[in-house]
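In this document, chain identifiers A, B, C and D correspond to the written order of the chains, with residue numbering beginning at 1 in each.
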Amino acid sequence: MSVAPPTPMLVEPFEQADRQHEAMVFGLWLFLATEILFFGGFFFLYAVARLQDPGGFAVGGHKANLLLGTINTVLLMSSSATLTVAERAIKAEWRRAARVAIVATLILGTAFLAVKGFEYHEDLSEHLFPTVPGFPFTAVGAIRFWSFYWLITLIHAVHLTIGLAFVARLLWLDRLGTLGPRWMVAEVTTLYWHLVDIVWLLLWPLLYLIGR
Amino acid sequence: MAEDRPPDARTIVLKPLLVWAALFGLGAISLGYALVPGAPLKPLLSLAIVLVQASLVLGAFMKLGKASALVRMTALIGVVWLSFLFLMAFADLATR
Amino acid sequence: MKRDDGATMRSDDTGLLAREPGERTYLTEGTTLRSWLLSTDHKRIAILYAVSITMFFFIGGAAATVIRLELFTPKGDLVTADTYNRLFTLHGVIMVWFFLVPSIPATLGNFLLPLMIGAKDVAFPRLNLMSWYLYVIAGCFTLAALLLGGVDTGWTFYTPFSTLYSNSYVLLAAFGIFVVGFSSIATGINFIATVHLLRTKGMTWMRLPLFCWSMYATSLVMVLATPVLAMAMVLICAERLLGLPIFDPRAGGDPLLFQHLFWFYSHPAVYIMILPAMGVVSEIIACEARRRVFGYQFMVYAMLVIAVIGFLVWGHHMFVSGQSPFASMIFSFLSFVIAVPSAIKVFNWTGTLYRGTIRFSAPMLYALGFVGLFTLGGLTGLFLASIPVDVHLSDTYFVVAHFHYIMVGGSVSAFFGGLHFWWPKITGRLYSETFARSAALWLFFGFNFTFFPQFILGYLGMPRRYHEYPPEFQVWNVMSSTGAVVLAVGYLMPLFYLGYSLFYGERAPDNPHQATGLEWTTTSPPPKHNFLVFPVVRTEAYAYHDWDEAPGKADETMQDERA
Amino acid sequence: MLESASTIAPSVDRIFWVLVGLSVVIMTVVGTLVLSFAIKYRAGTKAYRGPLPDWMSREVEIGWTVATLFVALFVFWWAVSAQLPHFLLPKRALEIHIVAKQWMWKAQHPEGVREIDALHIPQGVPVRLEMTSQDVIHSFGVPAFRIKQDVLPGRYTATWFEATKAGDYHLFCTEYCGTDHARMTGTITVMPPESYATWLAAQPHGEDLAGEGAQLFTKFGCSGCHGAGARVPAPPLAGLYDRPVTLADGSTVTADEDYLRTSILRPEAQVVAGYPSVMPSYQGVASEEQVVAMVAYIKALEQGRSEAR
């Protein structure tokens, strides 16, 4: 087994591997800083709404489907773990193990979206959308909780779908046989995926554990 | 970026699973504590647990600790600039 | 035309793109449309950007001209109230997001940053091309919104008007701005990575030209401010599309919440517009005065301090909005503190002129014009930072004059200065100095004639965004409107003589201004990979003369090297 | 130039003209320096161009930076100290309630007189404006008084002024509010107190504001719970205004106009401790003017008298 990761494929302006690696990780982390600020803005909205009417917020939060939320959290945690396994397998050129781990991540990710879709269906059947006529609450806090819930989970789901596309791209690169030399692309993809996971780890208590 | 020891099954598969177990455990604690009726400071504790989980993911999965100073600074700056938004906006919202 | 210091030039006209037949420059690398539209060469992407922002500049300018024509008379007789509202919104949205924010970073920055630090290209060339495509897609959305009927919310999109009461194409425009945000994030990430990782041997941080420092500081602000704008636009789209009552006052929504999120981006955005201009002006003044920049390190720290504190001052837009007095005082204090770095820069530009050998080329006229207009713009910012005066002047024409002095007097004249200064390097052609200088003077007077009366209008209390006003304001409005016509004509001039120079202009030598800077050590126009042999930097930037020497002497030595 | 017709106008103008002076000084300094250097050191002149004199060094640069910072902070201190007294709303003031609606101003005097796009006020009496908007954000701007205050939907915003000169002054809406933003103007007529009194008496008006509020209090059925002999548990309103109220979630707020308005329109947002949250919301039932009248009535209860002053 080779000690160092396989010799990487160099892209345009870079001549040395470590410079290109530093650039890709640094560039991606700059993008992750924008993601932190983007989601941070929504959490600021959450903080203002919750402090404005804590009682109503808790009443609204109580109706969130804790079981499905918890299942999703476990799914996403596991997908982070499997993607880390995949990335390390790619670096160690364990192609078969990498392929299995990537597929596992894709399955876990799609499962998350499926459970989310099912949860949306449940929520809608209980009229838990602020503008739906049968919305059970009048408290300001509850209205704002549910508008925040739909907004943030939809945006997180969009980010997750984009993440799934990039992870699937790794599988495509593996089929082309260039995944080994392009292990940097794999590393950068996992960084993005882990941030989407961290955002959900923070979202889970804020949406599902309040008002219990 | 050579690993310090030759990569074998331990570092590739076992370590991530251990980290996963830690994340799962922390999540269980957070859930358990939240379901105890009347327990004090629930939001605080759940946020503290999220902080630990996040640093686990950052450290073990994303290897932020081993990244260059530049990359760690970038991650820090994202959070510091977010605190600007919170601090200055709440300077208005809290004192109105 | 001979430059006044007698540099010799070959003026044989060998086709459009290169000096000698067979010479390979980035222009000769491919002449098909496809080679331009799919090129990842930072120089070509700069030109793609230059063309597209010029188009948007004239759309925004047309709207401004109609607005000023309407304001000739107190009665609203040229356009209806609704059309007027859509015109000033169009002017604001197009000028801010589609001209000013990308103007210097995406054109001069894209072209010159790799050249100035001795790199082959930016760190992520494909991301650079994606940035332009995001810009074009966003432009299509916004133009679609404007053609279908326009937006009548003002460029600030204040809620609850933009979310509940406006029935114009707010959704399309908000999505357009959401997408153009990612274009500037992509440029920002690219520049930060390039400056950190692709500097040539010897180019240490403190040897970076100030233009590169300004690109670095601007990119920091672009990357860290734009996400919150994207988030605010998503909130507007969510409320209009899904009906989620985020800012609906009947459901406890606080309209000030949107203002906090919007201004958290929009004040740093004005620093995105002015920091590049400061970089361009430092380059031009140092070169045309043949002197090292006075207090180089102060200039660098001033730009970084502006970039950071720029994120803490947004509340001065909300002194009268119902914000708490405590927060108003904090934002007022920090707005006064941020005036200091700008003051340092003005003193240092003036200090650079001292004991220099000053040439009044067109770029220098724009740069000196910038120093004057930016100083006045900055000083009027002090008026608006002090709360009692801002209560009187807020939302009046005083504010309109203040930000036009900074954006048009400052950023646009610096952009024109930079465009003229690096025109020989970008196109390999020389433009006619007499035309360029007269255009610069024309624009300077047209600008002052348009916007100085608006300070007086503002003090008298004429509110912004009014197409009908009491008769006693008419005198100043007529003055401002005639000035606007002069200005509009002035802006057409460069199109002609720069366009003319593209085809019939003299061939430019590698270093027409005898400037120091790596971009002048390569050919003009530069080859595809910028340098045939990559330079090694041994001296500080702006080494126009040794520390203990007069500028005159260095000029002779530079002449001998050249001959 | 612009007349100064309120007590704060002179102090605002003083700061304004000092800043204009400061700007003229700085512009002349920078202008003359740039022009003189441009002329003296233009290419081709034989001026001395040796190395920079040693006094133009780092320390000088630090010096003028600190000097600029000091001037900036001085102006900040002066501006804030001039603004502080204006932040505090005077207690003994003539209270005018303003309701802004897309493209018109509606004013209500405590005596019940109503005006549209106009406001008659006595000279020399501090006037407190309690303002709210029925739709979007507007802004009550009177250049002659140097005052401006955004009028927000969903809550009260307040400002005050004391007119010093009689006459008619422009009122502008200074926050963009839609199609006829430019036509949402009005005139403020400042009259000597005696002619204000005669004008007031001549105006056709029925009940005063608090009296009107009393009628609405019964019409909307508030007296059913909050009235004297009510059996339903509801917080007492007599003497409530400006007193601290502890809410169900343990926090305490002072019962100002905002609290009273929110309790009428969105009662569940601030439930009083010890009371069930059963009060129906009057959002959409009571108009802003009616809420203003009821708030005036509840405030009047404080003096234990049913009719107003």
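One rule holds for everything that comes next: a contact is a pair of C-beta atoms (placed from the backbone, for glycine too) under 8 Å apart; a residue touches a chain by one contact, two chains touch by 3 or more.
Computed from a predicted structure; not experimentally measured.
The interface with the greater count of contacting C-beta pairs, when B-C is set against A-C, is A-C.
Chain centres here are Cα averages; for chain B and chain D they lie 45 Å apart. Note: centroid distance chain B to chain C, computed from Cα atoms, is 39 Å. Averaging C-alpha coordinates per chain places the centre of chain A 36 Å away from that of chain C. Spacing of chain A relative to chain B, judged by their CA centroids, is 14 angstrom. Multi-chain contact residues of chain C (touching two or more other chains): 196, 224, 228, 252-254, 256, 261, 325. Each of residues 22, 26, 30, 33-35, 37, 41, 44, 48, 52-53, 140-141 in chain A touches at least two other chains. Residue positions of chain D with contacts to 2 or more other chains are 266, 269.
Pairs of chains in mutual contact: A-B, A-C, A-D, B-C, C-D. The touching residues of chain A, counted against chain D in their complex, run 52-56, 138-141. Those residues of chain C that touch chain D in the shared complex are 4-5, 76, 81-82, 84-85, 152-154, 156, 158, 160-161, 164-166, 249-250, 252-256, 289, 294-295, 298, 320-322, 325, 329, 332-333, 336-337, 339-340, 343-344, 346-348, 350-351, 353-360, 368, 371-372, 375-376, 379-380, 382-383, 385-389, 391-392, 394-396, 459-461, 463-470, 547-552.
Across the interface of their complex, chain A is touched by residues 40, 114, 119-125, 127, 185, 188-190, 192-193, 196-198, 223-224, 226-228, 230-232, 234-235, 238, 242-246, 251-254, 257, 261 of chain C.
Listed in rising order, the residues of chain A touching chain B in the complex are 1, 3-5, 18, 21-22, 25-26, 29-30, 32-37, 40-41, 44, 47-48, 51, 70, 73-74, 77-78, 80-85, 88-89, 91-92, 94, 97, 190-191, 194, 197-198, 201-202, 204-205, 209-210, 212. Of all residues in chain B, those touching chain A in their complex are 1-3, 6-8, 11-13, 16-17, 19-20, 23-24, 27, 30-31, 34-35, 42-43, 46-47, 49-50, 53-54, 57-58, 60-62, 67-68, 70-71, 74-75, 77-79, 81-82, 85-86, 89, 93.
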